[in-house]
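One structure coming up, written as structure tokens, with questions to follow.
By letter and in written order, the chains are A, B, C, D, E and F; residue numbering begins at 1 in each of them.
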Amino acid sequence: FVNGKFCKDPKLANAEDFFYSGLNIPRNTSNPVGSTVTPVNVAQILGLNTLGISIVRIDYAPYGGLNPPHTHPRATEILVVLEGTLYVGFVTSNTDNRLITKVLNPGDVFVFPVGLIHFQFNIGNTKAVAFAGLSSQNPGVITIANAVFGSNPPINPDVLTKAFQLDKNIVTYLQSKFWWDNN
Amino acid sequence: FVNGKFCKDPKLANAEDFFYSGLNIPRNTSNPVGSTVTPVNVAQILGLNTLGISIVRIDYAPYGGLNPPHTHPRATEILVVLEGTLYVGFVTSNTDNRLITKVLNPGDVFVFPVGLIHFQFNIGNTKAVAFAGLSSQNPGVITIANAVFGSNPPINPDVLTKAFQLDKNIVTYLQSKFWWDNN
Amino acid sequence: FVNGKFCKDPKLANAEDFFYSGLNIPRNTSNPVGSTVTPVNVAQILGLNTLGISIVRIDYAPYGGLNPPHTHPRATEILVVLEGTLYVGFVTSNTDNRLITKVLNPGDVFVFPVGLIHFQFNIGNTKAVAFAGLSSQNPGVITIANAVFGSNPPINPDVLTKAFQLDKNIVTYLQSKFWWDNN
Amino acid sequence: FVNGKFCKDPKLANAEDFFYSGLNIPRNTSNPVGSTVTPVNVAQILGLNTLGISIVRIDYAPYGGLNPPHTHPRATEILVVLEGTLYVGFVTSNTDNRLITKVLNPGDVFVFPVGLIHFQFNIGNTKAVAFAGLSSQNPGVITIANAVFGSNPPINPDVLTKAFQLDKNIVTYLQSKFWWDNN
Amino acid sequence: FVNGKFCKDPKLANAEDFFYSGLNIPRNTSNPVGSTVTPVNVAQILGLNTLGISIVRIDYAPYGGLNPPHTHPRATEILVVLEGTLYVGFVTSNTDNRLITKVLNPGDVFVFPVGLIHFQFNIGNTKAVAFAGLSSQNPGVITIANAVFGSNPPINPDVLTKAFQLDKNIVTYLQSKFWWDNN
Amino acid sequence: FVNGKFCKDPKLANAEDFFYSGLNIPRNTSNPVGSTVTPVNVAQILGLNTLGISIVRIDYAPYGGLNPPHTHPRATEILVVLEGTLYVGFVTSNTDNRLITKVLNPGDVFVFPVGLIHFQFNIGNTKAVAFAGLSSQNPGVITIANAVFGSNPPINPDVLTKAFQLDKNIVTYLQSKFWWDNN
């Protein structure tokens, strides 16, 4: 066991421990955010343990498919667009909170630095597809809206009312909603 | 220069390079969130460069003083309460989004793991004070509401409307507001 | 300057510092090894400095396009096939020197652990294309044949004669050849 | 198990795994060195494992309370004074052995870099209290006098006689003494 | 268990866990490469686990004893010559493939940076002996010829024919040979 | 500049940047401790910068040559004896302060874990010589007696009187002495 994962004796490791299949398959994006992330990390490829890298495929529905604002607590992401047109961005940390954005077309590459809030939004009329590398075998993902308004149990609404400058009834309404997890 | 900071020749370093004064002084918490963070990191103590630690003092206004949901992209935080009563919590990453909370009284210690969204809320009738250690000389802080609704320039409101399940006019109203930075 | 690279003041960083364009363009593979690697690392995207990740596109000529045996001294590689059929493999370290191989088709993913000798070989009748993530912003590449037989100046041929169990005239013949660098 | 500590399944972690109570309680300092260290590290808070931080409370008796010269082999320390007046210092490594000192009052902060010999000495007429953050969940502590003269079994006295330029009978007398551990 | 090795309770560790004997004994170098490496790493000294260092003794037969081209995927090596005269070198990574060499006599020290292909060759008329420190408790070693031509099972000869610009019958002849492992 | 050291453009690096000469030369040990350490680290070999390793030669005078109790704040040490007989040891950290010792003869290897106080003492009738690898290019050394009693300026003698259970006049006498640095 290393990092809480079972580690094979290297003499017994075989090709299956370093292999995953199916990233060519388009995924269904008929969900509330219009996107689906297909992760390939240490949970899918045992041999990635301790090696510090993983990848994902992301499918976006035509106009409006959104990989909503989220962070990876343990990884920088480098994304390359295969199909479609994405408006992407990240926000720098306090006190500037600068938004850095770019419209990406096929073959374009963009970097989202570790821990920063970022998103991708399909602004084209066709579906979009991207691959992304992440600098951890277990990058983690925190979808901001889900963590803030969809936690289990809910955060005290007084906290969110004050933090987000929202009416308390809007906060409790948001907390009653279903928050789709696209991962 | 190391990490973009000027590094003195060790033979020339003196006590002032390892010293900071004033963490005993209560800070004004008359601001929209009712809290003030006083950081002591590499920006205040040059000698911390490369050493992987910093501290902060946090003052909270009586009932309702809030250190709003935020993350530190490069640090775990260990907080100890000096005065008052705080409701504190953090949310685990996807797909669980479990909320872990505790009510803390003086002498209580709580840990917020690196990169996770966390907050402290003064639920007592008196002001509260806490000290916290952070596992980086430059931990960074991302206040969620400020980064999402107060970025400069603003995020395309279609992104936030979809991500937060809010009416677009609420989003644009939030984006027009002033977002106080308590750091 | 960090890691010998110029680092912008974060307040001055802009989207161009995190962006690269053109990974959708097929590259010419009419060269002695029949493959071309297009790197996107800190040399192409300045904003990757310190972030621990990079990507490459690899184009392979129809049957026989080869990314020859090489190592990355500072990175693990995770490769995903976009087009074509690749026979890929890596060799474990002493004393086993086990060869781990797999035939990959579109959507298949394979991992080459840090520092191990690995290769990809197009065994299909059409060109092949792959993307790969690497766990360093500056992974380095050592093409085995080029380093051993094509170094500048050449290694003493007695060393190579003994190490590779070759006739000395074969060694000196190999050392007189041109060794194409597909990176 | 990670780092030799039992790690809970994250889905089963709860608030108690990140919590400790009692750092507000003054500790008895009636002991030979006149100080008591109350550690809060991975031994007290299981959830700190791998997170790289811990804290301590230190109580000092009125004039003369001493946290004697010691090192933390795995951590830098950042100390903040809550009460009293401390004369603190550390010694740089060879060949300079420069002593860097400061007199600290409430609210003053001082940094002791990783691995260096340091101490705090209460030079006021009242008790003193400090909190300190350490950049490891398991910083370790080596009290110099205890390790040198109080080891079990004792170091060959010829070694200490020569190293400390002391009469051998003083060395053996010191080795026969009781060495209080204030941790 | 840490890193897949059994870790003793520190209270039970004893001197044998930090001790190894016999590096003064000349080793037999009557083998195809004319050299023998005697490693002292975490496999020989359990107490080295996590400590990031190991050493080796290397014996070289008179004129022609060769430690053949190899890499350590996880360690830099610093070598000091005790007896004899060695021609040593390493090759930098692409695209330069510069060969850096030196002739070393007793007392000379040379550094082989992590991951680079390097070798030592006895050019004197007497046996040679060296000690080397490596910056990992488990540095690994990849002997280039053994990994390329002696892997188990063999690499597809078409790959090696193309990569090394050799006739296929030479490749298959090399693959049929016995490759001595001097470690 | 990396780590405060000048870094050459890799294309300009040459063999001299990885080379040091003279570790075969016996050093004079006619000094108060009867030993001399000859370091080969980044101060002697510029090319070691960032590579995490260094070596030293240590010469010990016949019976009584002592490398006095010291720590390396940033390195584990692995020592091999070339000549003579050494009594060596280290002390574990609080609260056990266990002494782990061994008598070493030529070819014996011993490990001193990072940050722990350790020493070597020549108990033979002839001079002794050892080589040691250290797991840092800049390991640092803190000779305990020199740092405690020989700092510049001196530590307040009240601190040392209490910490070491010595009469104050012995402390001030020790502080007036000359403390030889054998590095």
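Definition applied: a contact is a pair of C-beta atoms (placed from the backbone, for glycine too) under 8 Å apart; a residue touches a chain by one contact, two chains touch by 3 or more.
Keep in mind it's a predicted model, so treat the numbers as computed, not measured.
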Practice item. Going by C-alpha centroids, which chain is farthest from chain E? Tell me that one. Key: B
Practice item. Just grab the chain with the largest centre-to-centre distance to chain F, centres being mean Cα coordinates. Key: A
Exercise for review: Matching residue numbers in more than half of the contact pairs is the bar here; say which of E-F, A-C or C-E clears it relative to D-F.
Suggested key: C-E
**Study point:** Approximate Å spacing (C-alpha centroids) for the pair chain A, chain B
**Key:** 23
Practice item. For chain B and chain F, let me know how many angstrom lie between their CA-based centres, rounded off. Key: 43
Practice item. Mind checking the centre-to-centre distance between chain B and chain E? Centres are C-alpha means, answer in whole Å. Key: 49
**Study point:** Residue numbers of chain F (touch at least two other chains)
**Key:** 1, 96, 98, 114
Check your understanding: Quick one: in the complex, what on chain A touches chain B?
Key -> 32-34, 64, 66, 68-69, 71, 73-74, 87, 89, 91, 93-99, 114-117, 119, 121, 140-156, 158-160, 162-166, 170, 174, 177, 179, 181, 183
Point to revise | Contact set on chain D toward chain B in their complex | key: 10-11, 13-15, 18-25, 40, 45, 47-48, 51-55, 75-78, 80-82, 92, 96, 98, 100-102, 106-114, 131, 133-135
